[in-house]
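In this document, chain identifiers A, B, C, D, E and F correspond to the written order of the chains, with residue numbering beginning at 1 in each.
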Amino acid sequence: MKLIIAIIKPFKLEEAKEALSQLGIQGMTVTEVKGFGRQKGHTEIYRGSEYTVDFLPKIKLEIVLPDDRVEATTAAIVRTAKTGKIGDGKVFIFHVEEAVRIRTEERGAQAV
Amino acid sequence: MRKILVLGCLLVAFGWLPVRLHAAVPPPAKMPQPTLDQRLADIEAYINNVPRATDGRAVSRIAGPGPAHNGWMMTCSALVLFMTLPGLALFYGGLVRRKNVLSVLAQCLGIAGVVTIFWWLCGYSLTFSHGSGLLGNLDFAFFSGVDAAPNADYSPWISQNVFCMYQLMFAIITPALIVGAIAERMRYPAVLLFVVLWMLVIYFPVAHMVWGVDGVLNGLENDHARIRALDFAGGIVVHMTSGWSALALCLLVGRRLGHGREQMPPHSMVLCMVGTGMLWVGWYGFNAGSALAADTIAANAFVATTLAAAVGCSTWGLMEYCTRGRLSVLGLCSGAVAGLATITPASGFVTPNAAVLIGLLAGVLPFLACNLLKARFGYDDALDTFGVHAVGGTLGVILTGLLASPKANANLAAARIQPLIGHTLWLHQLAAAAIVLVLSVVGTVLLAHLVHAILRGLRVSEEVETLGLDLAEHGEEGYIE
Amino acid sequence: MRKILVLGCLLVAFGWLPVRLHAAVPPPAKMPQPTLDQRLADIEAYINNVPRATDGRAVSRIAGPGPAHNGWMMTCSALVLFMTLPGLALFYGGLVRRKNVLSVLAQCLGIAGVVTIFWWLCGYSLTFSHGSGLLGNLDFAFFSGVDAAPNADYSPWISQNVFCMYQLMFAIITPALIVGAIAERMRYPAVLLFVVLWMLVIYFPVAHMVWGVDGVLNGLENDHARIRALDFAGGIVVHMTSGWSALALCLLVGRRLGHGREQMPPHSMVLCMVGTGMLWVGWYGFNAGSALAADTIAANAFVATTLAAAVGCSTWGLMEYCTRGRLSVLGLCSGAVAGLATITPASGFVTPNAAVLIGLLAGVLPFLACNLLKARFGYDDALDTFGVHAVGGTLGVILTGLLASPKANANLAAARIQPLIGHTLWLHQLAAAAIVLVLSVVGTVLLAHLVHAILRGLRVSEEVETLGLDLAEHGEEGYIE
Amino acid sequence: MRKILVLGCLLVAFGWLPVRLHAAVPPPAKMPQPTLDQRLADIEAYINNVPRATDGRAVSRIAGPGPAHNGWMMTCSALVLFMTLPGLALFYGGLVRRKNVLSVLAQCLGIAGVVTIFWWLCGYSLTFSHGSGLLGNLDFAFFSGVDAAPNADYSPWISQNVFCMYQLMFAIITPALIVGAIAERMRYPAVLLFVVLWMLVIYFPVAHMVWGVDGVLNGLENDHARIRALDFAGGIVVHMTSGWSALALCLLVGRRLGHGREQMPPHSMVLCMVGTGMLWVGWYGFNAGSALAADTIAANAFVATTLAAAVGCSTWGLMEYCTRGRLSVLGLCSGAVAGLATITPASGFVTPNAAVLIGLLAGVLPFLACNLLKARFGYDDALDTFGVHAVGGTLGVILTGLLASPKANANLAAARIQPLIGHTLWLHQLAAAAIVLVLSVVGTVLLAHLVHAILRGLRVSEEVETLGLDLAEHGEEGYIE
Amino acid sequence: MKLIIAIIKPFKLEEAKEALSQLGIQGMTVTEVKGFGRQKGHTEIYRGSEYTVDFLPKIKLEIVLPDDRVEATTAAIVRTAKTGKIGDGKVFIFHVEEAVRIRTEERGAQAV
Amino acid sequence: MKLIIAIIKPFKLEEAKEALSQLGIQGMTVTEVKGFGRQKGHTEIYRGSEYTVDFLPKIKLEIVLPDDRVEATTAAIVRTAKTGKIGDGKVFIFHVEEAVRIRTEERGAQAV
């Protein structure tokens, strides 16, 4: 099993979710995060004090899935999340040693 | 520390016991019953808000307050309290960081509490009883003799206790304004102790000097005033005292940890804007109410207040737009408040067109103070109490000197003030402003040192400041997810 | 369930049709035109808020309402509504958990809606028309005959329909107070049905008994009152009825899931404090407005209200500081509200110094009730309706008996009440309090069972309670990121 | 763009200079002193809010405003401003997405600023001075001659400048209502420029036609009105103009990105409900204040307003409950506002029972408009300005025609309007409504194109819309964690 | 060392924390996340527009711990977080290459 | 490639970010989390009910980077985030199997 972590732009979440659903992905976990990268933040001014906000709002998707679905899933995320502009985000892939579904105590690929 | 408080608590608890009995009023000299004409003239006087025709001549059939004026002044009192609770609390609370929002609210509530108690104990008396030109006496301590009958010194048609409540609301908001300069770092007990002392040493005397019927700076009502200053609704008494004290205090307390390095944007501009709206609305009670009647002067003040607020708001926004290409909600809010603070001393004395000019300047000078002065000198006036209230208030006091006109307020045609209008009035204004400025700054420095000595420190520890005052000083969080 | 509602909906929709025609008023006995003196005396009566000189003697040229009193009472009505919408909604809404904030707001809005409708249908009539000493009749149903002319039973100078609106605002806030005790777990339809029945069975009768001109407990106005109780602005009628009913209801509904085990801190002390500020400001309409005129009694009530609120706020804070070393915003807010609730029945009857004492006790007893009593007995009065309103209200009712003074309110010099003052008045107060307490508790128990039977349950399911009432019952979330 | 602004800024800055001197008032024909009877009658006239007995007959001893009416109208003015700042700002601000909340607040503040300035420059004059039946002239430009003396055209007992301020508050909230339809996508400068032009081309003329003493649609006061329409507090002038313009503008500006596809739930129903409470409370100033005195008509309007709001609130909730099995806070809020908007034109003309009926229909028709019409036609009236204000306002205007009754308002017994009551009045209402509807839609279309041409676009870029207007247009965030 | 990531229902957090404390787990990191899975979200209606909220609030626990404690810990989480209803969540296990305690600069199993 | 997860005190974020920027780290992802550990929480009292808040606000940094930069980066984080007081946090290191930049579809070390 693998874990895919994808950092994407917030307004692309719906689109990505739909694409993943169509691929038969049954579960994922979503976190609101702040990203720091090549894409530059904006400047805010409050009564004469200037602030640069380096961190931009991003969405982190975490999806655990069997090895054979990794490629298709990655491709789907990249396809839907791409705008071609800087800041589109990243996909990272990790090895998962074990998975358990709490409700049924199933393990491994069954669990995801 | 706590022991002192327990003691203080007991003192307050029993403070009400040795209450002075109402001073036996001297029996009025026997007076005739009023004629039909006098009775009619009394009623007309009520409608026109002028002294009773029967005053000193006959027994009035309507010796108490006039309901229209009294009702209006109770409304105004509620409006001015609304400016602090929750208006100012939100305006300031929105501007601090999330971790300190409750500390600001606690300060506003605490100030409302202790100032009210001291107003009852002695504050009202020290401010509005007869005394020297510098301070009243204790005749009205514990509100002794302060009942629903009018006090002719201040207004023929409103109850003295309503007047007393109305003035209390001013006494509450003034020290609360100071909170903006030392937000996010001063210890809660130090704030309250400082406020109590500051009221005694600065507010009550200054208010007496400027508004007391025998005050040395009361140009409008005191024939013997040394300096004939005008302050309709508190440019000197409210905005200058608090604003200049705020500057001194924020210098003494020092800058917030990370100031100038870290980002400290307002945690909720939404709250700040809600507070601004409430301030604006409440300010009608503040300015129009300062006529102490629902009369033509109140009507004029209402107009001046509206125009200055709107023009100040627009001008500050325009300044931002012209210098930075976009305009912020904080800018619009700041401009509105600056307009309101600046028109305050002038509101009952100037024509609508003069109010527009005042609003315009209020959008420019405080804007520069907040944007350039603060950056230049690097003091940490956290929420710009100095930039808006001291600069705006002082500006308004001087402009009142230049723009006051009997067209707007018939009282300015009185012999004691008329010759100054359009002439040297502005010099009197300047002198009064200078005296109060010096008093505020010097007084604040002394009191801050005193409080520092008594409580061993004005400021929270670095740890507390980092964690946030809400959790550390109040054991609460502003918001829980 | 829904069918019942559709039916009810139709009933209400057509309820306005069979409206009673305005009862044909008996033609007034032919009366002479007023003399100049009478005309003058009428106007003076208006200013002094006493009955017209022409009453029964001549046709009055100013037979309608007096504008100052009417304007003030419309302002007060708006202020009292402001206490519920959004004041109390925010005060309570801030204290619940994030997932239930909207349920509190929906309850407040829903109560405002249905109580207004029932007030129009029959509530005003049952409360303020003549009837038995226990309940009015249906003369004023559908506001029949309730127009802009004054109802001399209650006030010579305000329109009866303004009086009716003012009293409506009390009828709205009273059941809304109960919401605090059963927050976060009661079903929305059950809340509304309970409130409607509770108004019919408890509020309208109690309000009639205490405030109705022929009420059995109305010591101030009814020569034939069995028990001569005083309740200026609703210590019995508002705070005791709601507070004691709240205790009974929260016991019947049961504790929240996880109560005592899980943490349930307020999700937004900021909202809670905003609500407190609005309550305080609105309470001037509540207390000073209860004079039903902008007169000297209103002025006195304004002062008492201010002092009790500020002293209650400070005292509760001090209690916290002394017992725990720090003071919370929730404490300051609770103290202010406790001060306000406790002074309510006394506000128009006591001197300022007595108000300070009342504020002091209001900062102590409700503090103990919320901190010790609740912990001791383990009932889940979620937002302390009992601790603050029942304890504060009952305390205030008794203190009114001990401290009421004709110095503060000349009406207390009337023959029907004067002999009791400073004597056995407190026993009358106690008796009235006991009757209303028993009525509230017993009535609530019966009604809660009835509602339980009709709707099959008072309480949401565990699943709904866990998910939050906002999503489950209203399909909405309070905040979306 | 910025250059234009700098220029505009200078123009405004010096605009106050060439101020017209107060037109020399023709010396009044020499008039006798009043008799005792006349003096008394004057005071009685004040209490009854009717013209002075001395008018044209003798010099009045109380020629100025009457304090009760003036005080009440200042209170009402503050209440109406409170409806916009912060009422409407919160109501709308809560309904948008988090990233756009400040843009709504900035629009409300900005509108308050520029509308006030234009009101002073020419707006008040164009609306309320004598001119043609379509528009006033410039006699009152720069508030020239607008002082504390009453303007007998509009009210014998309130200061003209108070009337002017009161009407200003209406002029502020009307364009602010439009903001709801184009929220989250229109450029800030485009909003302000559109509003300024819209005031000049639509609001000032329509307000003059309907409320100007010589307006062609003013059925109540103008004997020569072509169409004898009634609009007590602004069903035509406020809700129809803004609501229909909002529809046109939102069609021209286009739908929000992702509309119909993405979820755009309100980011804070809590703010929205707070705003609703403030609107409801402030609406008493709006409707009862429209009597322009604290008189019996104000009292009636107060009742009608309360009933319609509560019934509208309950009905909308019930509609939701019956169709979906649960009722939302947004539904209750929408229903209350719909009830208030619908009763507005009728409030001073109908009996309480008619108000209940109006509230009922206000809970049904706007409900259907928001739920079905919008879904059907797919326009993106973001916050339902059209559904609530245009539908509610138009409905109210027609119902006024059907339900107005001299029982509720004695002025309807006047010869110029009485024959229409219960007869063809509704046709006049319909005609006036149609004219204003067409004017609003056509005017808006033209002005929107003009603004588009001047500023090269009404709408923000896709990038800005995605990022949020707060950051992009104002450089701020609503909330910071 | 291993990293356990557990996605659980929010109201089970307290219980899980207690159980882990009793097992001697000294540290963990908690994140509020939104989950998408078999458990269906709810529907909200705002003035005629219907919204389906697919994402449900969940809590993510992250615990780094020595290999030999993984089984017991997983079991404790499963035990306490289970309600038996759909949406109870998952446990995933990963390999951790290194751990450092910032305060002391200790490394490896010492650090957790 | 490796993934560094660091849990640090919130007020150290700016400092850490600067240090990492100077090391040439081009991207990272930041999450607000709650930490449970040796550092004890505080107590809050609401009208007589006492609450212990065990979870303290912390910041989680996630940085994916080539193997050879791991040491320097870890050192920089430890240096800047250390106050020496309990609760300073942890750094954990994981193996990353693959990384993709969504915008360009670059893979591997190029992508980070």
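Brief remarks follow.
Heads up, the rule we're going with is that contacts are C-beta pairs under 8 Å (C-beta built on N, C-alpha and C of every residue); 3 or more make two chains touch, one makes a residue touch a chain.
All figures in this text were calculated on a predicted structure; none of them were measured in a lab.
Chains that count as touching both chain B and chain D, per the definition above, are A, C.
Under half of the residue numbers at the chain E-chain F interface are used by both copies of the sequence. Two chain pairs are in question, A-B and A-F; the one with more C-beta pairs in contact is A-F. In this entry, B-F is the pair from C-F, A-B or B-F that repeats the interface of C-E, since more than half of their contact pairs coincide by residue number. Averaged Cα coordinates give chain D a centre that lies 54 Å from the centre of chain E. In whole angstrom, the spacing between the mean C-alpha positions of chain B and chain C is 33.
Separation between the centroids of chain A and chain D, computed from CA atoms only, is 48 Å. For chain D, residues touching at least two other chains, in rising order: 36, 40, 43, 46, 66-68, 71, 75, 265-266, 324, 328, 330, 475-477, 481.
Looking at chain A, residues 31-32, 44-46, 94-95 sit in touch with two or more other chains.
Going by the touch rule set out above, the chain pairs that meet are A-B, A-D, A-E, A-F, B-C, B-D, B-F, C-D, C-E, C-F, D-E, E-F.
Of all residues in chain B, those touching chain F in their complex are 258, 262, 466, 471, 475-477.
Within the complex formed with chain B, the chain F residues making contact are 11, 14, 42-46. Taken together, the chain C residues at the contact with chain F in this complex read 263-266, 324, 328, 330-331, 334, 370-372, 374-375, 384, 387.
Only residues 2, 5-6, 9, 12-13, 16, 19, 36, 39-40, 43, 46, 61-62, 64-68, 70-71, 74-75, 77-78, 81-82, 84-87, 89-90, 93, 101-102, 105-106, 109-110, 112-117, 120, 142-143, 146-149, 159, 161-162, 164-165, 168, 188, 271, 473-481 of chain B touch chain C when the two sit together in their complex.
Contact residues on chain E toward chain A in their complex (touch as defined above): 2, 6-8, 31-38, 54-55, 58, 60, 74, 77-78, 81-95.
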